[in-house]
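In the two complexes that follow, chain A is the common piece, with chain B as its partner first and chain C second.
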Partner chain A sequence: MIEIIQTGPFNTVQDLGRPGFRNIGVTTSGAMDPLALKIGNSLLGNEAGAAALEIQTYPFKLRFSKATVFVVTGADCGASLDGRTVQPWCALSVEAGQVLELGQPRVGTRAYICIAGGIDVAPVMGSRSTSLRGAFGGREGRFLIAGDTLQTGEVSSPLNLPAAGISVVDPAFALADVYPAHEDGALVIRAIPAGEYGLFGEDAERFWSQTWKISTQSDRTGYRLMGDAIKPTTPVEMRSHGVVSGVVQVPPSGEAIIQMADANTAGGYPKIAGVIEVDLWRLGQARIGSRLRFVRATHAQAAEVEKAVAAFIDDVRRTARLVCGALQVLN
Partner chain B sequence: MNAAVSQMSQPVETLALDRNGARVSPIGSRAFLLEATGDFDLASQRRIWALSRAVELWRDVLEIVPGMTNLLVVLKVTPEDPETLAVRLLEAWEHAESIDLAGRTIEIAVTYGGEHATDLAALCDRSGLSDREVVRIHYEGTYRVFALGSAPGFGYLHGLDPRIYMPRKTVPSLNMARGCLTIGGMQTGVAVLTGPNGWNSIGFAELQMFDPMSATPAVMAPGDTVRFVPASIEL
Partner chain C sequence: MSKLDLSDPAIIERLSAALEVAGINGIEITRPDQSLLIRVAGSADGHARQVRSSKTDVGGAVVVVTAPMVGEFWPSDLSRTGAPGAFAAGDTVGFLKVGPILLPVSAGPSKCLRQHLVEPGTIVGFGDPIAEVEPEA
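Moving on to the complex of A and B:
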């Protein structure tokens, strides 16, 4: 069990989300940085989609009520355990009573606290993710507050960690080969032209060429981008249709919106593009006020990156098991 | 792939295949939208319902989301060759025989006008009708649930009289109340969550359309018939 001692608003329990219910209007929710969640869980020997705490407002502090193993992935928040520095992406053993503290992120925005066995809240419609808009899932459908206690799942074979823990290389470095580098300080996000791309005429080119700024009106639901307005050559009133996170819609203001994890399941604004799924985690770690640029991608490229990312996660799981298994033999 | 399709898909600048009354385009890497390009009517929707039944059985499909004369298909993994998938969808559309869904009839009590009808005046201006006429035309209609979506349990209703058509707002209302009776283009529906909303409100209904703990969380289902019953008219 863990006890929340201090927290800002909008910190929630998240897993990989609730797919399969878009047809009744239920958004998938789930971690904004699903890669950090999968890596954290894989390192601990959990199911890749076990529930964790998604922290996006700081400071955050929790107490472990029993000995366990945990890892903080995603944003680098200068975490500490009873005052001693905890490296991000490093799985560590803790004793009952120890206190984990996260400060303002130095890099990234969202940290994931993964614990052996996962956070064990009751699944709703197949997922433990909190749907803040729907007010269900996670901890009573709301964000965490000080005083909350959360159970963790049973661990069948506890990890035998070395005293210094085991680390995985930050995916921002480990996967640098398959992710484009920043350009002039702007995050480069790959996208595929979507249904109404052709309606934007000459403005479509400016969608790619300009640098967009992530506005303060951005959250788990979506990111509103600021830049030179892009407009369809003629106004279009669409019939409502299903959408997925990553869709880039252009409302009449001409400033693009990227729908994120808690987005509506349907929409009717013209879609100029869709961010490839493997790039969504980088958006999940992008700061309000930071800049980004879109570059065109193909499905073949997206599929290739998808494979590289999956192989990396598999590798983390295998290596962690190997290291801990070897230690068990030595002991 | 047949010759006609390869002709249409050149150059492969943007993948948007268009043929036989339907069009397929991608949303990101793993989702594809098939839109019927014909009239916005029940006949098109019945073919979408048939297509949905066929496509949800495909092995590579994770989930399907029927919309208003369209269908979003989410795959389990990103296809390396999206055109083949698009062609498969278009062929399934060609073979989709119309089906009807035998739904229930749901009556919803509405307060027309009043404090929540924030856009009724604008609708009158646009249509040239009086508020009384707008309200009467709305409650005399018989609506069909074409699809659910956007928010948990929200039913997109077809059957709006074109005289009270009202485009979505240029600037969405930031905090529209749950229960607002709204019009968005040729569609109507009752808001199920309080929050930003680009549709136009003309009244209010007290109802619970969704229960996440239920085996069937959504009250409405595609194919249902909806009638609005004026509980009171406050003009």
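Moving on to the complex of A and C:
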């Protein structure tokens, strides 16, 4: 069990979300940085989609009520355990009573506290993710508050961590070959032209060529971008239709909106592009006020990156177990 | 009875010969003041020996940290951009990289790094000395 000692708003329990219910108006939710969640769980021997705490406002502090194993992935927020610095992405054993503290992120925005066995809240529609807009899932459908206690589950095949823990090479570093580098300080996000792309005429080119800024009107539902307005050649009125996370809509103001993890299930704005799924985690770690550029990708390229990322996660899972097993034999 | 000097070539020779006769691949002896690693590997023209021996300094305070398993040694985690000085649990002397996994190597309680004994990126095997540590000031 863990006890929340200090937290800001909007910190929630998240797993990989609840796909399959958008047709009845239920958004998917899930971690904004699913890569960090999967790797954290892989380091602990958890199921890849075990629930964790998604922290996006700081400082955050919790107490472990029993001995367990944890890892903080995603944002590097200068975590400390009983005041002692904890390396990011490093799985460590803790004793009952120890206090984990997260400060303001130095890199990224969202940290994931993964614990052996996962956070054991009641699943709703097959997921433990918190849907803040629907007020269900996670901890009573709300964000965490000080004093909350959360149970953790059991790991079917736990890893025996060495005393110094085990860490993973930062995915941003390890996967540098499959992710484009920043350009002039702007995050490069790959996208595929979407259904109404052709309606934007020459403005469509400015969607790719300009640098967008993530506005303060951004949250888990969507990121509203600031930039030179892009508009259809003629005004468009569309019936509402299904949208998913990654869809880039263009409202009448001409400033694009990227649907994120708590994406609306339907919308009537024209869709100019869709961010490839494996790039969404990078958006999940992008700061408000930071800049980004879209580059055009193909389905084949997206599938190739997806394969590389899946292989990396699988490698982390297998090698973590191999290393812990070897250490037990050797030492 | 006085303790064996593990840096004495005669002692190392005798131990190596004994290992070969017994068909044992290697031995590692670690004492607070000295450590010795001998590996005997079969080769086409007989046996090849790999010997590493170290002694503490005059004060008897220096300890050699050895690799807990095979891996690529890195003195710091080059993949981090945010916390170059951050350590895992206890002060680390470096990391062993095994595929995507980084295994922190601890200096031990109340110890700090004196010097690394291998170059960054070196593949080290189990028991290979990788650093010298000394009591924290």
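Criterion: the second predicted complex is superposed on the first by the 328 of 331 C-alpha atoms of A that agree within 3 Å, B and C clash if a C-alpha of one lies under 4 Å from a C-alpha of the other, contacts with A are read in each partner's own complex, and residues count from 1 in each chain.
Note that a contact is a pair of C-beta atoms (placed from the backbone, for glycine too) under 8 Å apart; a residue touches a chain by one contact, two chains touch by 3 or more.
Owing to the predicted nature of the structure, the values given are computational and were not obtained by experimental measurement.
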Touching partner for A:86 - first (chain B), second (chain C), both, neither: second
Partner chain(s) touched by A:260 [first = chain B, second = chain C, both, neither]: neither
First (chain B), second (chain C), both or neither touched by A:24: first
Contacts of A:323 with chain B and chain C, given as first, second, both or neither: second
Contacts of A:247 with chain B and chain C, given as first, second, both or neither: first
Which of chain B and chain C A:78 touches, first, second, both or neither: second
More chain A residues in contact [chain B versus chain C]: B
Intersection of the chain A residues that touch chain B with those that touch chain C: none
Chain A-facing residues of chain B, complex: 13-16, 23, 25-31, 33, 35, 40, 62-72, 74, 77-82, 147-154, 156, 167-168, 170-172, 184-187, 192-193, 195, 198, 210, 212-213, 217-218
Chain B partner contacts - residues on chain A that touch it in the complex: 19-26, 124-125, 131, 133-134, 136-137, 191-195, 197-198, 237-244, 246-247, 251-253, 264-268, 271, 274-278, 297, 299-300, 302-303, 306
Residue ranges of chain A touching chain C (in the complex, touch as defined): 76, 78, 81, 84-88, 90, 92, 106-107, 162-170, 172-174, 312, 315-316, 319-320, 322-323, 326-327, 330-331
Of all residues in chain C, those that touch chain A in their complex: 68-69, 77-83, 85-90, 92, 95, 97-106, 126
